[in-house]
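Multiple structures are listed underneath, in structure tokens.
Two complexes come next, and they have one chain in common, chain A, joined by chain B in the first and chain C in the second.
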Partner chain A sequence: MNIQDNYQKNKKNIFFSENKDIQTYREKLINIFENDRFDKKNNESLKNINLKNFFDFKYKYLISEETSVINNNQENSYSIVSVNGQCLSYKDDKIEITKILDEDYIDFSKNDIIENNDHFVNLNSLFLNSGFKILIKKNNNIKIKISNIITDDDLTIFQKNNYICEEGSSLNLIEEYENKNNSTSNILNVIKLEKNSQLNHFLIQDNSSNHNLIITTHSSVKKDSTYTQKVYNFSEGYVRNFHYSELKEANSEADLQGIFFLKDNNTSNNKTYVKHLAEDCKSNQVYKGILNDRSKATYFSNTHVDQVAQKTEGYQLSKGILLSDNASYFSKPELKIYADDVKCSHGSTIGPIDENAIFYLRSRGMSKIAATKILISSFINEELSSIDNEQMSEIIQKKLVRYLSKVK
Partner chain B sequence: MFLEIKDLSVKIENKNILKSLNLNINKGEVHAIMGPNGSGKSTLANVLAGKEDYEILNGSINFKDNDLFDLNIEERAQEGMFLAFQYPVEIPGVNITPFLHSAINSKRKRMNEEEIDNLSFAKLLKSKASDLGINIDMLKRSVNTGFSGGEKKRYEILQMSILNPDLAILDETDSGLDIDALKIVTDGVNKLKTKDNSFLIITHYQKLLDYIKPDYVHVMVNGSIVKSGGSEIAAEIEKDGFQKFQ
Partner chain C sequence: MNSDTLNTLNSYSINKYKYGFVTEIDDEKPKKGLNEDTIKFISLKKNEPEWMLDWRLKAYSKWKKMKEPKWANLSFPEIDYQDIYYYSAPKGFEKKPKDLSEVDPKLIETYNKLGIPLEEQKVLAGVAVDVVFDSVSVATTYKGELEKLGIIFCSIGEAIQKHPDLIKKYLGSVIPPGDHSFSALNSAVFTDGSFVYIPEGVKCPMELSTYFRINAENTGQFERTLIIADKGSYVSYLEGCTAPKRDDNQLHAANVELIALEGAEIKYSTVQNWYPGDEDGRGGIYNFVTKRGLCAGKNSKISWTQVETGSAITWKYPSCILKGDNSIGEFYSVAITNNFQQADTGTKMTHIGKNTKSKIISKGISLGKSQNTYRGEVSFLRKADKARNYTQCDSLLVGNQCGAHTVPYIDSKNNTAVIEHEASTSKINEDQLYYCRQRGLSHEEAVSLIVNGFCKQVLQELPMEFAVEAQKLVSISLEGSVG
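Our next item is the complex of A and B:
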């Protein structure tokens, strides 16, 4: 079915389909789909993508009987179970959880950092059927853990979440994606950091092989604020991590990091994009991948430095270990610099595991497999040892052990 | 026979490096090999340790009643072979404690000995390190990473003294060591020496052989042993170089 018919047919459970302005915007999106030649070569959002699976899909959404849960057991600490992309509303003197509104949607549609040709974001905007908005009030220091649950097979979740950290606030956000059913989640996180605020964002992705996860973040960061994102992808199913960040005011920072662990026939596509729009800002984009069997990955990293963004520091790094001759990892760093006083760098090293190191370890009596495992762990040692949350670090260690147990 | 190398010929990338090399080492003996740069000394050491880049054209190696070529790299180590590398590799992110602990336990397992627990191993490591004048802080760092040349060599000997091998091959362990370190390291070797283990020492300098007394000295030129004898050979080389052996 083409996108237009698919949309018309399912309109009734798509958000904001009655809003005139949004209708107009969506018509524009539909036009993009109809006129695009789906140029897999040049469109980063289409690399390694089975077009039929994602763009010629059967739409299905339902609001579950199981309702979402919000718990505030410890002071300043909340745990949320979101079901099929929905979350109950909640309010206290520190945080507020509500539905997303037309105006949030329209506000996002005006962003100019995510190109119009990111078809997955367009799909999300078109078929939006779930999502919520979380506001952290001024000067609060909050921890939130969100488990994203999907209840049924064959669901197509199109979810948009808004996070707003008000001035002086700080949020530690852990998101868990661990789904075992045959469904597709397309999630867009829109994040706003007001002055002097902080967000530490962890994403743990561990879906089964029949679940597709497409996750996109758009963060905009104001004066003296820092957005840090750490993605751990252990999924056996397809995952797309595309994360965009705008440093809008002076002395702001974005740190976008990811590690992915792939095996079998799995694929993962990754992109980070930081736009420096003010002076004295810093960014860091580091992705590391371990690829076994016939798995495939792409990583595009981009630093864009606007003309006014003097004294920018931008750093990009991509590293990969290929555990099999049939695995492949394509990485492409890009720098666009329009200011003259900047420090930017990028690097990329992808290859098989260091044979000399294996020989050294084996020559002491360690088995080949034990040596391989210890070298894989060492490859990400820096990232793992820098996790300052004990519970998180335990979770990640366990998943790493599980991944390593399949390495032969 | 403890180690018997017979008629060994080895090539790498279309280049013949070892040519019909013969060498026998008995239990409890110390052998030294001297030879000009590029004569194939490290190649011999690597072939013994099991490095897979080489093509064995001919010959046999017997080690403790095993056909060495039947054993893979780690099995050789577990059987008691140890190579102190000329150029130890840096392995960022890998710490010596878990790595060497796992190595020693795989050796013990093969020998049907009881495994060493964490605490006893940590103690053993600390005490051996202090014998060799290795700072405890260095044990917290990644294997060889950012170590000075001399530190790397000491660290090799530390690993050797923990694994307590039957046959230790020291490939130019003396080069890069200052005079005090040379004394400490050779003391370490001499302490380890018993009537049941053997050493194969590759060196360019007679100095080392003043500290570790070899039973035999061999001269290796162009991939073969061209002369064998006692420590007087080392003195000859020190005086006249390799010219007359070529």
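Our next item is the complex of A and C:
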């Protein structure tokens, strides 16, 4: 079914279809879809994907009878279960959770960082059917764990979450995506960090092969604030991680990291983009991938330094290991620099596991498989050992062992 | 950057382009514009056989259906292809002069001004030069001696007449006319250029070189160069370019094809110094060049070295297709942009054969209000076992109004291939500057020294004759802003 019909038919259970401003905006988007030729070659957001799966889909959304749960089990620590992208409202003196509102949505349509040719974000805007907003109040130090649950098969979830960290606050956010049913989630996270705030954002992705996950993050970071994101992708299904960050005021920092483990026919598309709009900002983009069997991955990284953003430090690193001769990896580390007093660099490597290292381990009596496994673990050790949450570190170790058990 | 540096920058912001003179010489042109008649005119003037005209017309019909590639990081007004002369020749060139004494003395004088005294160079440097003036190859020196070794070095027009077999076999085999709109345009209207054939096992004893010059107004230069190195041979080829100062933009769309057969090696060096436009960004050459080499045989090697200092717009990606096993591709580049110049340049290494190796060293320097982009693609195809690539691209920014961009594309489909890529962007190190000044160098000298050091890795790859010229050129280009 084409996008226009799909939208008209399901208008009823799409958010804000009554609002006039939003309606005109959506008409524009429909126009973009109608006129675009979906040029895979020149549109990096479409590389390696099966267009039919994502743009010719059957829309289905249910509000589940299972309700979401919010627990405040320890002080400053919350756990949330979101069902089909929805979440209950909640309020205390530290945080506030509400449903997503019209204003949040309009706010987004004016956004300029997310490029117009990102069709998945446009799809999300068009079919929005769930989402919530979490506000961390001033000077609070909060931990939140969100488990995302999808109840039925064939659901198409278009979710938008807003996170706002007020001045001086700090948030440790863990998001888990572990879905086993045949459905598609298209999630857009919009994150705002006010002055002197901090957000550590962990995303653990471990879906079954019939689940497609599309996550886009847009974070804007203000003075003296830091946004750190770590993505661990163990999914057997398609995952798309596109993360954009805007450093709006001086002395802010963005750190976007990711590791992905692919096997079988799986595909993963990754992108990070940091825009430096003020001076004395730092950014770091590091992605590592391990590709087995016939898997494919792309990674686009981009550092954009505006003319006013002097004294910028921006680093990028992309590393890929190909375990099989049918796997393929495409990387495009881009630098766009308009200021002169900067230190920017990128490095990118793709290759097999170092044969000399294997030889060294084998000469000490290890089997080839054991040696390979040790070297894979050491390849990502830096990222794993930097996790300061013990519980999470354990979860990730377990998933890593599971992945390694399939390596031959 | 301290105020001292800024002052020096400003005081030197008038660029001195010393090749900007015009030679007053009668020339012959067809009507402006591109249509089948223009192509027939060119073909007739060149006295070409029927099959060549057909080839051109086919390319023209392809060009009509094509659009210019738009992905580059360049902005320029739409090119009006109907407002260009596609052929311009000094009068009296229907018959090629047999030796230098028949060449118009004014032309000889032009080349003397450019610093290539044909007569002298013959004796001193031992370089064989093919000089292309607008659209016609003027003189080829040293021809006789090369002929003794079986080397063919002549204009492409002559090659079409005398060596049709080689032309039919290789022309367009590396850059198909339908590859993109500029290659189609060039294939339809190319006027002259050089042709080199090195026979089996011959090591060319001297550097072959071509000097290109655009003289006439509103002319486009479309040269086509074809170099074939047969089994086990070696050739080093140099290319230089200049143009007079004019307020209009002129189009230059060249195609260069290299073919290295088994065990052959081709070294291609370019010093591109087309008129870059004045300090307000008026005028200058639009340089849309397609250069591609094919390592067809085992153990072959192609090496590109370029120093890009001129042109208002540079759109140039010398590439290597590494088809033969164990073949090697190299790319060394220095690109300097000043004032309003825009450069989008880089390379493409396609690894097809086993054990193929490639190396990319690119240095970009942006000054004034210019934009300098490195764009390169390295791809390993399925069968490229044990292939290797090393890429390094560094950018230097001088002044806070310019931009330096790096856009590499890296694609690996083979799990035994290894690719390493690194890039960095920074300004001139204040510590180094301080150190040099402390030892008594003036500010300009210090900057020039540091920039030359930054480029050294590339400049040392140039043949002797060019290395000196290139170093001077780097200093002259910097004169526009630092010295």
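In the analysis below, the second predicted complex is superposed on the first by the 408 of 408 C-alpha atoms of A that agree within 3 Å, B and C clash if a C-alpha of one lies under 4 Å from a C-alpha of the other, contacts with A are read in each partner's own complex, and residues count from 1 in each chain.
As a working rule, contacts are C-beta pairs under 8 Å (C-beta built on N, C-alpha and C of every residue); 3 or more make two chains touch, one makes a residue touch a chain.
Please read all numbers here as calculations on a predicted model, not as lab measurements.
Student: Given the superposition on chain A, are chain B and chain C in a clash or a fit?
Tutor: Once both complexes are aligned on chain A, chain B and chain C fit side by side.
Student: Regarding the shared-chain residue A:A357, is it in contact with chain B (first), chain C (second), both, or neither?
Tutor: first
Student: Please state, to the nearest 10 degrees, the angle that the Cα centres of chain B and chain C subtend at the Cα centre of chain A after superposition.
Tutor: 70
Student: Of chain B and chain C, which one touches more of chain A's residues?
Tutor: Comparing chain B with chain C, the partner touching more chain A residues is C.
Student: Kindly classify A:V274 by the partners it touches after superposition: chain B alone (first), chain C alone (second), both, or neither?
Tutor: In the superposed model, A:V274 contacts neither chain B nor chain C.
Student: Output check: A:E382 vs chain B and chain C. Expected answer is one of first, second, both, neither. What do you get?
Tutor: In the superposition, A:E382 contacts chain B only.
Student: In the superposed arrangement, which partner chain does A:K368 touch: chain B (first), chain C (second), both, or neither?
Tutor: Touch partner of A:K368: chain B, not chain C.
Student: Let me test your reading of the model: by the given contact rule, A:G320 touches which partner, first (chain B), second (chain C), both or neither?
Tutor: After superposition on chain A, A:G320 lies in contact with chain C alone.
Student: Of all C-alpha distances between chain B and chain C after superposition, which is the least, in Å?
Tutor: Superposed on chain A, the two chains' closest C-alpha atoms are separated by 11 Å.
Student: Would you mind writing out the residues of chain A in touch with chain B in their complex?
Tutor: Residues 354, 356-357, 359-368, 370, 374-375, 377-379, 381-382 of chain A touch chain B in their complex.
Student: Help me check something: in the complex, which residues belonging to chain B touch chain A?
Tutor: Those in contact with chain A are residues 49-52, 72-74, 76-78, 82-83, 85, 88-89, 91-94, 98-100, 102-104, 106-107, 142-143, 159, 163.
Student: Chain C touches which residues of chain A in the complex?
Tutor: Interface residues on chain A, with respect to chain C: 42, 307, 310, 320, 322-325, 327-352.
Student: Which bits of chain C are touching chain A when the two form their complex?
Tutor: 1, 71, 382, 395, 397-427
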